[in-house]
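So that you can tell them apart, the chains are marked A, B, C and D in the order they are listed, and the count of residues begins at 1 in each.
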Amino acid sequence: MTSTFKNAPAIIAEQWYNTHQAPDLNQLRGRMVVLEAFQMLCPGCVQHGLPQVQRIHDVFSREDVMVLGLHTVFEHHAAMTPVSLVAFLQEYKVTFPVGVDKAQGVGMPVTMSAYRMQGTPTLVLIDGQGRLRNQWLGVVPDLIVGAELMRLILERRHDNGELR
Amino acid sequence: MTSTFKNAPAIIAEQWYNTHQAPDLNQLRGRMVVLEAFQMLCPGCVQHGLPQVQRIHDVFSREDVMVLGLHTVFEHHAAMTPVSLVAFLQEYKVTFPVGVDKAQGVGMPVTMSAYRMQGTPTLVLIDGQGRLRNQWLGVVPDLIVGAELMRLILERRHDNGELR
Amino acid sequence: MTSTFKNAPAIIAEQWYNTHQAPDLNQLRGRMVVLEAFQMLCPGCVQHGLPQVQRIHDVFSREDVMVLGLHTVFEHHAAMTPVSLVAFLQEYKVTFPVGVDKAQGVGMPVTMSAYRMQGTPTLVLIDGQGRLRNQWLGVVPDLIVGAELMRLILERRHDNGELR
Amino acid sequence: MTSTFKNAPAIIAEQWYNTHQAPDLNQLRGRMVVLEAFQMLCPGCVQHGLPQVQRIHDVFSREDVMVLGLHTVFEHHAAMTPVSLVAFLQEYKVTFPVGVDKAQGVGMPVTMSAYRMQGTPTLVLIDGQGRLRNQWLGVVPDLIVGAELMRLILERRHDNGELR
């Protein structure tokens, strides 16, 4: 299969929560990565995006799928500081690793810019070769996300010669 | 791949709605079949099962996935007759083909018995070779159904030499 | 207070379920009556109307509020017969009294016509003097229904000299 | 009617949003006050409490019912500062007046203590005479809140001689 997919930009985070080691897309090769870009004061993230990736985190095997959150603050910067984020993650029982996207002044943070995201929530699927495969802004149905996840899981297994 | 899956039993229906031709699993080979066994007066079917397969019907390509409903009346037979079913399908805007499972007295109808279903709603996934692959009683998350659907779609494409 | 409210038309039912005695608005004087006109195959009734009056039935004292259902079939008559209704009430765990509005051919049944209802679900509030006080077609918020119920309960208590 | 209800403690706020003038229970006499004590990072407040009082704010007349929010931070103080609250109110489209309960160290703030609240969300109903009439911790159904609101509205109108 000749790839026409670009490599996913690196995730540049100032700090990480819910993990002892900063996740690195290069080291996650072989597994799919589900990246949820969110803001803690974004209602659509709280109601849809974060519960959805928490379901993915709960349903899929860690060996197949790694769920990462990324706090991409592009507005109300003073309102969504790390200390607020920590309380938010605790109160909303978010258990997967969450990074803080590196700020650059009062605009979009670094990783959010590199992915050319338009807002939050944005859901990103990165395949086992580190390539950017899907990027959705807003609400995307579980049925579609589940199907795309399996597509990428099986593709990797196939490439690894695990199938047939 | 050596199959360890059994062939799905035939669907024996007294009549069909929302279709001009009675669907036949043998003729559907090459496509996946999603079979939703329901009763029109079963709250779990109305709230979860039927909306879920309607979403599948709306999201997936007809060339990949064929959604079939099966009215498997095993209680309150006099209450859920075909004339009532027709009104139900219209009021609830069900647009995929729905068959009426062939009755055998006051117990479980023929197809429901052949699949050894325990109640309604029951969701069944049949692969492109006509084999029974998944059967769930009750509520199953969209994330899981979406993933299993894609697994079977890709398996068929692979068997057909459409991949690689 | 000079009444400008009309008496609620009599409820003419062919039969009643969930009660040993046919409710009679004249005999219910002194209590408020909440009348829910529904059809068992009407999605809005199943999703909103019936759960709402079941909540009213569960929350308010029987001495204050009497909840009555009325199966007002004005379409699909052959699909919503009494035998189907009985199974419906059982499966959906409806526990308040439900009458079958007296049919008149294939159009609107008798009580539905007398109240000049436009469709289902229709929620009707009848005060302790048997007067028609509110009639809503479609979804009406619990907050408003709760407020109107209390208004009528207190009005009756006041008229009875129970207050002050 | 001999009152057995206590006066509602004063609301001691450090600052107010969505209003030009700090609300004062003494000046609100004659109207009911609905007080919603919440924390911006409390999931039950975001999902249930705040949407409920926003519905009250939208449904009832301002002449009958005044809705006030009170940010009663008793944990994660550094995470829920006024600057964060302002962004929260904007993002969640809260339009009624919201005060910041006066802090006293790292424990419960002043007003929350005076009302002896046990947590958030807490919903408080204060009658037109400034008396504390209902105080609920957690989720309380709209049907019950609507009924209690109308009870207090009518009681006031009656005391004012507006009825009969």
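As a working rule, contacts are C-beta pairs under 8 Å (C-beta built on N, C-alpha and C of every residue); 3 or more make two chains touch, one makes a residue touch a chain.
All of these numbers come straight from a predicted model, not from anything done at the bench.
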Taking contact as defined at the start, I'd like the list of chains shared as neighbours by subunit B and subunit C. none
Averaging C-alpha coordinates per chain, one finds the centres of subunit A and subunit B separated by a number of Å equal to 34
Rounded Å distance, subunit B centre to subunit D centre (Cα mean): 51
Per-residue multi-chain contacts in subunit C, two or more chains: none
Chain contact graph, described as a line, ring, star, complete graph or other shape: ring
Pairs of chains satisfying the touch condition: A-B, A-D, B-C, C-D
Quick check: in the complex, which residue numbers of subunit A touch subunit D? 41-43, 46, 75-76, 78-81, 83-84, 86-88, 90-92
Subunit B touches which residues of subunit A in the complex? 1, 55-56, 59-60, 141-151, 154, 158, 163-164
